[in-house]
Amino acid sequence: MFRKILVANRGEIAVRVIRTCREMGIRTVAVYSDADRGALHVRMADEAVHLGPAPSRESYLRIDRLIDAAKATGAEAIHPGYGFLSEQAPFVEACDAAGITFIGPRPEAISAMGDKTGARQRMIQAGVPVVPGMDEPESDVNRAREFARSIGFPVMIKAAAGGGGRGMRKVESEEEFDASFAAAQREALAAFGDDRVYVEKFLDKPRHVEIQVFADAHGNCIHLFERECSVQRRHQKVIEESPSPILDEDLRRRMGEVAVRAARAVNYLGAGTCEFLVDANKNFYFLEMNTRLQVEHPVTELRCGVDLVRWQIEVAAGKPLPLSQDEVRAQGHAIEARINAEDPAKNFMPSPGKITYLRLPGGPGTRIDSGVYPGYTVPMAYDSMIAKLIVWAPTREQAIQRLQRALSEFVVKGITTNIGYLKRIVAHPEFLSGDYDTTFLARRAEELRAATNGELARVALVASAVYQYQLDKNRARKLELAAQGAAAARSRWAEMGRLRALGRAGGVR
Amino acid sequence: MFRKILVANRGEIAVRVIRTCREMGIRTVAVYSDADRGALHVRMADEAVHLGPAPSRESYLRIDRLIDAAKATGAEAIHPGYGFLSEQAPFVEACDAAGITFIGPRPEAISAMGDKTGARQRMIQAGVPVVPGMDEPESDVNRAREFARSIGFPVMIKAAAGGGGRGMRKVESEEEFDASFAAAQREALAAFGDDRVYVEKFLDKPRHVEIQVFADAHGNCIHLFERECSVQRRHQKVIEESPSPILDEDLRRRMGEVAVRAARAVNYLGAGTCEFLVDANKNFYFLEMNTRLQVEHPVTELRCGVDLVRWQIEVAAGKPLPLSQDEVRAQGHAIEARINAEDPAKNFMPSPGKITYLRLPGGPGTRIDSGVYPGYTVPMAYDSMIAKLIVWAPTREQAIQRLQRALSEFVVKGITTNIGYLKRIVAHPEFLSGDYDTTFLARRAEELRAATNGELARVALVASAVYQYQLDKNRARKLELAAQGAAAARSRWAEMGRLRALGRAGGVR
Amino acid sequence: MKYQATLDGKQHEIHVIEKGEGVFEVVVDGQAHTVDALPLDHGAVSLIVDRASYSVEMEESGDGKVNVLVRDHVFTIELLDERRMRMRLAGGRFVVEGPQVVTAPMPGKVVRILVAPGQEVKEGQGLVVVEAMKMENELASPKDGTVKEIFVQEGASVEGGAKLVMVE
Amino acid sequence: MKYQATLDGKQHEIHVIEKGEGVFEVVVDGQAHTVDALPLDHGAVSLIVDRASYSVEMEESGDGKVNVLVRDHVFTIELLDERRMRMRLAGGRFVVEGPQVVTAPMPGKVVRILVAPGQEVKEGQGLVVVEAMKMENELASPKDGTVKEIFVQEGASVEGGAKLVMVE
């Protein structure tokens, strides 16, 4: 087993990886940019190496500096987390060249799946259904617009190197196309260092269901069931749950088998996720494979009683998977809610800043994966997710009740978060019914706005008035005490007969 | 189902009960003493009723006031938590008389098991092995000493109305007997309002293993496996785990059956625990039955994937148990560590006071049940347990690693806690081996003291010096700025040509 | 003590009378409540209002208002005592008219400027794109008008509240 | 800046030289370390010492010392700068002799007094039992001697640090 691992990431996922390393007795090396000197992952790691300025391209995306850091600290392996360099084949190759184990798939698998259009071809060859779309990325806006017209609007523009909903844009009509195409290219470049995008048919009211797969270096490849990720805002997942309310045993089994087939088709190694769209007729289409750990991996961990990061490390060290497909048991229901530093009342404007107070939920079935602490300043340079709240309960109904309860215990002060918005989502009849799709949040945006409540408004008025009263009173008391203090000082001085002092009694204190 | 429940308790268990009530959509009524106006359970409940002064006997033990509070708020049921009135038959009878559901067993079962000597007789009749001891409590110290001599030292003195290790005293020799007898009587009176004690043979190096049982009003009675509670200090449990490292399947099954038999013998209803001592030859002896929820119930919850408080409420509302004996599945390994406000370096002196900073562990398999928050003042009037940290992992080894990791993330400032002591316990070879008994902490007390560490001592020196340097520098800078400010003020005044002002420039600011 | 509170544009009269240590009679718009209020650290207040318990979190919003979190709801309240009310009344209301300056709602980076000085813009039209936390945020014109001045350049990092564009 | 630190009864010379914003050379007993120190709220300090990362928590212990939590260890350190060191040296050491006052180590209730004024006691002999948090704590005599004075009565509530018994 490795004695030291460098974690090439930041935020909650770096903390997540460090936790498992600590449990395994493996020493950890954190890396950090100028914006992250005070970040929790730096504080928790055994060692920390500075990478560069705040922008990712000058720090967390600097392959050379990461390799140097690993060499300098004697780290034998690198865990890439998600995002940043986690799906960059050149990074894996650089690790190989330096004799450092990359904790993830081989570069060929990353390239095969990272090139979204190439991956589509592979999947078609493997007999996996895919959404109609381009066979190749397209950089010319005119040709892209032409293709979009040929398959009919609405269409999706996606980053060829993408994943996780970044660089994805839905285009409703031809007029919007050019602007969206340019924006998608910019976002793709910013997020992945690669501005290639492609166009795909947009499916109406699809569900986003993904399958967790895991492969070792001994020819074993299994799946750990699904995660339902249809609660999305602007293609960013907000709430994930497992099991999916729409999958039956047969569909679950078939999707699992297809996901394993997809992974095997690229000689996959480690943790990966096959994302599918499921339409209203329960047809499923391969969307893409994320060749890394997902943000929402704890949903699977809670449901299957496993530690996927531990599995990643063990598999990277050459061990076989600890479970066979038949031994994977899923129990109960798990849901994750992503806590973001953003203001839903102001069009989800980011809200970086200092967390002045933090009270986390606890109790039964409640897990927090977070990269923040009271006193931490959330930087503006990185994404807005500050924590994940994941709950487990025997049934979906109980898990939702638990998530509602836990969200109501979550207090963050100093910055604005989406906690209230999350509460409204998980109390919305459409979510409760389980019959929702990826258009849920957009369609229900009005209903998901904060509504007022007469009783609580009255309580808020009472609280603000009493609070102000006490502030006013304390201030008055201080002034009075200061005056009394001066008077007392005068009288004490007088008592001691130091008459000279009386003359400047006003200056005492 | 009940619409409103009064929680007749405080601290973490009151918070624990409120959480499940909230998840079930049941409104809650907290009660509080003068010392608990700012307690978390008061803040979390929907309603709160003041009971009286800080001492339990004038507040949490006042049956009349609790019944009045339930009536005034329209609570249909009372959850007693543990301790206080949870095992007092008169309280149940008062609830009955007021038409309020007591969430727990019937008074007859409480009385039968609460009278430790009577319970022994019942168990003997039911064919359950018990430790040799008195058949009746004894108030006369001479007769008690005589009995102790007859069974041979060492002996245990126990509160007849007791439980949870309170009021228990081991007596090594006849000389110590009288003082211990008086102390046990006093503690029994303080803890249970009943000073009757009895004497029992002391078993050498026993393991304390208990079985969780659950019975409904429809004749179902099951067990949820064992908890190993042999890590004790002065008869107070410190660490609990499940499964017990010494139980094999056969012993587990036999003890489970005996526990169910014991519960059935008193027509048990709700959650209860049969405590056993297991000797080196794996003989087990019935110790007592706790007719309430235990502090360590989360260990069972994590291992069996259930919410025992939800079960209590459902059973009290007349529902059948949700699982049959065959359906109870236990998975993996769970361990609980009790976080106490006490100073292990000063003979575990209590350390009440204000919690100025709190950082809780998180991540996979980590649960916190706590009754405190940053800014909370831990009162001196009640026991010192402020939180429970419970972890789950697939194996005992991984669970221990996880507990070590989570303890190292736990930061409490303002008061002293036993967190460091807990870390040393769970890193001790005897605990790691699983081959420990109830004498572990006492035997290893010396080894469990904080040891020094040269590297970390050096870091601490560096930290303190840099910290002081920055304080000194800030102070110097402030003085300098004040001086500059004065100078700037002078020059500004001068600039404005207000020459008169210059004469008292020294007084500016 | 009498206060005037503004919540969601509505005025409320609140009268706070201290009855004992931490116990108040609070009259809101003529309706009286018995309130047991315990201030805690970090702007938290535990309120027991006629027996109902509320854990309330207060946070100054920086513009003289206070955000009040009660259960799952946030209320933004502006509170004036009698003295400040009189000052406010004497000073009259600040009238929003004339040139409008669009400011950065959070710290970020100006990735694109969509308009030029002198250009006519409509209400809701995008003026500047500011990126923060990996999200592009298009800031729109608050009114129909003409771009009077642009205070920033593409690529510039700006603080929250920084002036971006003036529209007249 | 030079400091003298006392830890576990041993003296250490520490020299802090600021090299840049938050970067220091710290020489402890002649051995130099490069230290990147970031002070955080609530007395936390993030230290990177020659690349090793330590999340250190500092807490004033009230008697001029500071408790320093590093990883799983707590160290109690007394730090003096040169000026204070000279004062200390000039003033000489405070000598512990003569009457000893036993004080309450925490707030609690005096449940029993085990001795009477004038009684002879041995070192380690119980004097008073104070109950707090449901635990009885027997406070012992620090030395052989005679009970000179008892400051409390049975049943009294006492604050932490309150005088209980004087032994001479």
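We just call them A, B, C and D in the order they show up, numbering each chain from 1.
By our rule, a contact is a pair of C-beta atoms (placed from the backbone, for glycine too) under 8 Å apart; a residue touches a chain by one contact, two chains touch by 3 or more.
Since we're looking at a predicted model, the values are computed, not measured.
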item: A-C against A-D, pair bridged by the larger set of C-beta contacts; value: A-C
item: Farthest chain relative to subunit B (centres taken as mean CA coordinates); value: C
item: Averaged-CA centre spacing for the pair subunit B and subunit A, given as whole angstrom; value: 35
item: Distance from subunit D to subunit B - Cα centre to Cα centre, in angstrom; value: 29
item: Inter-chain centre distance, subunit A versus subunit D - centres from mean C-alpha coordinates, in Å; value: 44
item: In subunit D, residues with contacts to at least two other chains; value: 42, 44
item: Multi-partner residues of subunit A (each touching 2 or more other chains); value: 44, 357, 374, 408
item: Residues of subunit B that touch subunit D when the two form their complex; value: 166, 183, 186-187, 190-191, 341-342, 346-352, 356-357, 380-384, 407-408, 411, 413-414, 420, 423, 450, 452-453, 456-470, 472-473
item: For the subunit C and subunit A complex, residues of the former touching the latter; value: 1, 3, 5, 7-8, 12, 14, 16, 18, 24, 26, 28, 33, 35, 37, 39, 42-45, 47, 49, 54, 56-59, 66, 68-75, 77, 79, 81, 105-108, 111, 131-137
item: In the complex with subunit B, residue positions of subunit C that touch it; value: 36, 38, 40-42, 44, 46, 48, 51-53, 55
item: List of subunit A residues in touch with subunit B within their complex; value: 15-16, 19-20, 22-25, 44, 298, 301, 305-307, 309-310, 329, 331-332, 357, 359-360, 362-370, 373-374, 392-394, 398, 401-402, 404-405, 408-409
item: Contact footprint of subunit C on subunit B as seen in their complex; value: 30, 37-38, 42-49, 72-73, 374-376
